[in-house]
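Below: one structure, written as structure tokens.
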Amino acid sequence: MDIPQQMLEEIVHRALREDVGDGDRTTLALIPAEAQTTAHVVTREAAVVAGLPVLAAVYAAVDAAVRVTLHVAEGARVTAGATLATVQGSARSILTGERVALNLTQRMCGIATQTTRYVAAVGNHSTRILDTRKTTPGLRVLEKYAVRMGGGVNHRFGLYDAIMIKDNHLALLAAHGIGLAAAVQRAKASVGPLVCVEVEVETVEDARIAAEAGADLILLDNMPPALLREAVAAVGGRVPLEASGGITLETIPAVAATGVDFISVGALTHSARAVDLSMEFAAQ
Amino acid sequence: MDIPQQMLEEIVHRALREDVGDGDRTTLALIPAEAQTTAHVVTREAAVVAGLPVLAAVYAAVDAAVRVTLHVAEGARVTAGATLATVQGSARSILTGERVALNLTQRMCGIATQTTRYVAAVGNHSTRILDTRKTTPGLRVLEKYAVRMGGGVNHRFGLYDAIMIKDNHLALLAAHGIGLAAAVQRAKASVGPLVCVEVEVETVEDARIAAEAGADLILLDNMPPALLREAVAAVGGRVPLEASGGITLETIPAVAATGVDFISVGALTHSARAVDLSMEFAAQ
Amino acid sequence: MDIPQQMLEEIVHRALREDVGDGDRTTLALIPAEAQTTAHVVTREAAVVAGLPVLAAVYAAVDAAVRVTLHVAEGARVTAGATLATVQGSARSILTGERVALNLTQRMCGIATQTTRYVAAVGNHSTRILDTRKTTPGLRVLEKYAVRMGGGVNHRFGLYDAIMIKDNHLALLAAHGIGLAAAVQRAKASVGPLVCVEVEVETVEDARIAAEAGADLILLDNMPPALLREAVAAVGGRVPLEASGGITLETIPAVAATGVDFISVGALTHSARAVDLSMEFAAQ
Amino acid sequence: MDIPQQMLEEIVHRALREDVGDGDRTTLALIPAEAQTTAHVVTREAAVVAGLPVLAAVYAAVDAAVRVTLHVAEGARVTAGATLATVQGSARSILTGERVALNLTQRMCGIATQTTRYVAAVGNHSTRILDTRKTTPGLRVLEKYAVRMGGGVNHRFGLYDAIMIKDNHLALLAAHGIGLAAAVQRAKASVGPLVCVEVEVETVEDARIAAEAGADLILLDNMPPALLREAVAAVGGRVPLEASGGITLETIPAVAATGVDFISVGALTHSARAVDLSMEFAAQ
Amino acid sequence: MDIPQQMLEEIVHRALREDVGDGDRTTLALIPAEAQTTAHVVTREAAVVAGLPVLAAVYAAVDAAVRVTLHVAEGARVTAGATLATVQGSARSILTGERVALNLTQRMCGIATQTTRYVAAVGNHSTRILDTRKTTPGLRVLEKYAVRMGGGVNHRFGLYDAIMIKDNHLALLAAHGIGLAAAVQRAKASVGPLVCVEVEVETVEDARIAAEAGADLILLDNMPPALLREAVAAVGGRVPLEASGGITLETIPAVAATGVDFISVGALTHSARAVDLSMEFAAQ
Amino acid sequence: MDIPQQMLEEIVHRALREDVGDGDRTTLALIPAEAQTTAHVVTREAAVVAGLPVLAAVYAAVDAAVRVTLHVAEGARVTAGATLATVQGSARSILTGERVALNLTQRMCGIATQTTRYVAAVGNHSTRILDTRKTTPGLRVLEKYAVRMGGGVNHRFGLYDAIMIKDNHLALLAAHGIGLAAAVQRAKASVGPLVCVEVEVETVEDARIAAEAGADLILLDNMPPALLREAVAAVGGRVPLEASGGITLETIPAVAATGVDFISVGALTHSARAVDLSMEFAAQ
């Protein structure tokens, strides 16, 4: 899958250490070491799928002899009752890995499903849905992957891969006598040629200034649709525009209709509801 | 706080590595190294507070010279607009740690706040609200702490600290000719005297059998209130009872009224919405 | 085996890093890279076996091409001279892993063997032998496993999986006006329904109070057999009892005869003598 | 102390993670966060002290505000009842760190005490007592330090800091037509000028050959005193000699009297009994 | 400094573990624990300074009581014989940390010094010198920092913070029927709005195509100055241009004169000679 | 190869995490997941080969399905244009691992090649070339291996595997009234019998004193050939001698001619130029 192997293994290792700790007392007490079984990963509600390769990685870490077969593609839409994967092998291993496997996958499916709702709300407009850095600490790489599976676009991955000048930066710079245009120019000048610079503005005039100063992307913060429309006109296509701030499924159509290029939504990741997945064991 | 120091430092370290990566390009490009500032952590909505010591730990890791002052106690209820903490020191450090500090704290506040709603729904009944293992991989210790701050009670922390015989275990055991009572007895016999054994049942009759077999806790799975009431009568106070399975804020009062001792709710942790916190920088 | 895979790999990895460091200068200097050999793991004294899967895990980490065949079951009693396992493959790899493999296994066999002596001393009484937390830092999971292989029962694994109110806790609580019964009740009330509470007492009267207060297990500290017998009578089977404190192989029969349910022995782990194992290389 | 800071912190961190896990449920449930106390680390038996700085490091990791005062020097002999250290600060922190602190220190004191017995048995001879690599995996650096505190001398620390040609190496080399003298010469030639080469021999004649071949140290394996004496004469002081193999406290005087330079004893570390230390809390 | 605290500590910790291992046998054998000393870090040759905060971090990790005073600013030019820093405290600690501190700093000074030579060679042209990913594995963040201190500009930090379509990518895409323009457009479309896309071309015509396709930066690979000049003209300032491939100090003036915006030089990091620093101890 | 497996995996893992970070955006954006390819690792200049097994380990970590075939032996001399290895498998995996694989290998080849030049300069003399601890932090084990592949001999690996008394130690000891001979004797007495002691001297007289005091190796610091010759005569073969300090390819013949046993050269590792390797993809 699209997650670097080393990173995926670290996440899975950590999750297993957390849940299994010094041993799964239930299976060790009750399940014979030689018992084999088959279990199906089933969704109890309609969903967009993301994270099945992570489920496979969990079982690879628990017990390399467990076989995982994936039945649907990443990004696929499935209905309630669909079987997403089948897990076969040691009953102890399958039971021990169950919760970690489901916890990771149900969260990823939840984010992908949530993302598709926002993407759908855009309708025929060309506006695209962006995520934010409001992700779960330690799981960002999985959550941003899930956003992609839901049709969203990834904003920057961290503080390290792009410059984003926010209101707080601007306020501090203002106290040092540095205005918006100077901030953008200084940022562009201080980094290499492959680092983009985004700047957050709150007025149409500032959007225009930012565009002229050479920003690569402009975040229009908390503007109502009418102002967004003005900003789109003022910038005139010179720089892509991102609308942000309290935008909901309900307000997305109106925001998209203003002509902004991107809408960023923290709720894609910070408040997505997990999809209800379960592991159903075949009759013995 | 109640989180082991080593564990808290690992979570914070990992979260900072993830977000800061090879450096915060924005602050390095724009903010003078010597600039000092003050910022307030403010909630934009009413909430139950949890995680302020984690916020302090984030800044301790970013820059030991940053001073964090906490203004409200863990578990306190606050209204929209309340200032939870003040952070003073290097502007670069405060900006660099902002998102990690907020991501962790807003999630913990969200879980505490969510938990209080379920606790309140119980009303005057003595039933208590339990969490589950449906937590975010890597953050379980923080999330279970947040449940406590919201008035909930922690179920087991992992596969390692109690035995829980679920339907899947029972089905596997049945295939080996081992029934419910035998399973409970075998589990009790195979572990030390400080390991409790819970068993999941789906019928009143099984609840009675489990109680007689010596279970320390019985999970009544997906039973409607009428059946729960029968189970409570059948067990007759010999063993505490936990209702579980699809219980919502709406159905809690009816479930609590049946006389069960505990209600467990996965949604406390797997689908809590983050509280909307922000960091507001003082005028320079 | 019964040790979580992630945990076992970490222990083995750490042990190899410690012993091999930047390289095994002897084998690199002298043994041809292509030389193959066969070695037998032999015990020079009678023993109860524990840890052969750990030996296999050491070689899996050193060189996945080395084949390890185990000849006796975990927990088996063997006589001096018995061959426990055979290791075949690269001579360099087998020599490099030898000491780590033996150091871990001989300690585990030592603990299992030590445990069986205490278990045997109990004779026909139903009393069971418990371990303690007096284990080697970093190896607890292996040592508690070895206790089980020797027929012992594991007490709690750490500070995290049960409550144990010891004399020091009680003294501190007394200074705050909280007595034995209140301490037990407070502990029960403050944790979830699957956390057991043990309390340490020094008098028969306190044992009775602890039982009435709802303790799940009572530790009778340093009581002579006569007092233990009184405590057993006073508690009357309501709560299991654990005798502890300076109990030796010689005094075990008398202690077991008092009717206590458990005897805990720190010496199972903190002072077990390693079994004398060696690796004997087949004639070339 | 003489343990590298980074290594000491890793050992302590790992031991605390193992014992404290997700939290010390007892102190969190019962001991007020603000309670302060004082505890004394007392030995219940005569001992040679080693490891008090490790005890201090444990508390530094648990809670930097806990103050540890050491009352005796490393390597000192103390009588039963002696107070070795005093710990003051948060009652929760002191209780939480107690077992890890004692487990590490009592093992180190045990090894130092054991070592002094072997050193004393040498009497007026100039023979010195060496340890081996039969240490506890993960704790070698602490155990070898304890040997030094008991008056012993450290043999090599691992496979990386010296060459030691043992019987198994020689047997493999013989199969390739390489004899004892050639093995020693090959080893000397293949490494840098600061790597010493020891070789294990079983006959007086081989000792003489090894000395002539340029070995830096010769291990006389399992030789009775009469043969050892012959070997000492045959080598004639050209190379230091180490007697090894089943030497006990009882046989040490006779072995030392043969004139060997060193006696190595695996039992210093692999089977030392822990010293009985306890933490006694001051009256509140 | 500009290196994230967590990352700097990991590098320093790893370097100390590597060099100090299980202990600095020389200082432990010879230097009294209480001896104090003062040492000066001196350069034996003219240099541009980078890495003094790293030197300070090494000593903070070895012994927090050692005081490090820095005498010159990062990026400063110093002459042979200049004192860069003074280290005061435990003689053992200062000696133990010496080589790690120097190894890191002398490499960073070497890179900064090397970079200034290339920057100087550009003369009055506005061309800037870029580094590459040909850095030392594990030290990239330090080496790219040193390039900045020498007046260079950082190219991307890894595979994660920008897209760079190289000849090998293009060859593979060509085999799938995807040409240069399509590759650039596909890359732009598949990532978020803050990810820049660079493409490597070998002809003037391809440079023109890349510019029209929307590349954010174009790498002109191995072109002689005459062709570079043509490419500059063909692109006409629409997209910045980077010259790369075998450019040396001797050829830089001619390359810079062509009007390219950037010249990238792998030799800044992969083959910089360490500056000759030494630690000189004050007379006792 | 001769690098411990655990250590090699750690280095490779760290290097990949550094370069790949949260994902290789270029290959993910452009290269189909199912595309397969073949690439050849080619040297663009004559070189001595070292590190091909490291290259194989990189690909084993990136993607276990990639096949790496090595075409030349470690330590072999190759001419410009030689193909060193072939890599076959997923195009994405091969491209993602390319830079890390080359960065490690080109550095190791550079060190081996550099070493052979110094070895060749010795000519017919029996003097051998030693490396130093001036290696890249984190990569010492690979760099010392490369020195061996180039025909050099490894000096000590760290502060832990031999004693080396340098001028700074001697100056500190002098301040405590301890002279050269006493320092050597004290060092010998304070460590085990397998730890060698080297001492650095600056005069012929001190060389003589050191030899008589029992040093195992004497470093003659910064002596011109005439003095070296005198020192060789004064020591008379009793102890091996190492010349050190500013010795270059040009001065080596004269130094070797003095009869010293070893010449140590920091430049083998701290300033070796990387060999120009590239990965050439087969036509698709």
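So that you can tell them apart, the chains are marked A, B, C, D, E and F in the order they are listed, and the count of residues begins at 1 in each.
We take it that a contact is a pair of C-beta atoms (placed from the backbone, for glycine too) under 8 Å apart; a residue touches a chain by one contact, two chains touch by 3 or more.
Computed from a prediction, not measured in an experiment: that's the story for all the values here.
Traced through touching neighbours, the fewest hops from chain A to chain E number 1.
Homomeric contact chain A/chain F: same residue numbering on both sides for under half of the interface positions. Interface matching across E-F, B-D or A-E places the copy of D-E, with more than half of contact pairs shared by residue number, at B-D. The mean-CA centres of chain B and chain E are about 45 angstrom from one another, to the nearest whole unit.
Inter-chain centre distance (chain B to chain F, centres taken as mean C-alpha positions): 52 Å.
Residue positions of chain B with contacts to 2 or more other chains are 20-24, 28, 140, 157-158, 160-162, 164, 191, 195.
Across the complex, chain F meets chain C through its residues 2-7, 140-141, 144, 157-158.
Residues 13, 16-17, 20-24, 28, 61-63 of chain F touch chain A in their complex. Across the complex, chain F is touched by residues 11, 14-15, 18-32, 35, 37, 39, 91, 95-96, 98-100, 103-104, 106-107, 110, 133-140, 157-166, 168-169, 171-176, 178, 183, 186-187, 190-191, 195, 270-274, 279, 281, 283-284 of chain E. Partner chain F is touched in their complex by these residues of chain D: 130, 153-157, 160-162, 164, 191-196, 198, 216-217, 240, 242, 261-262.
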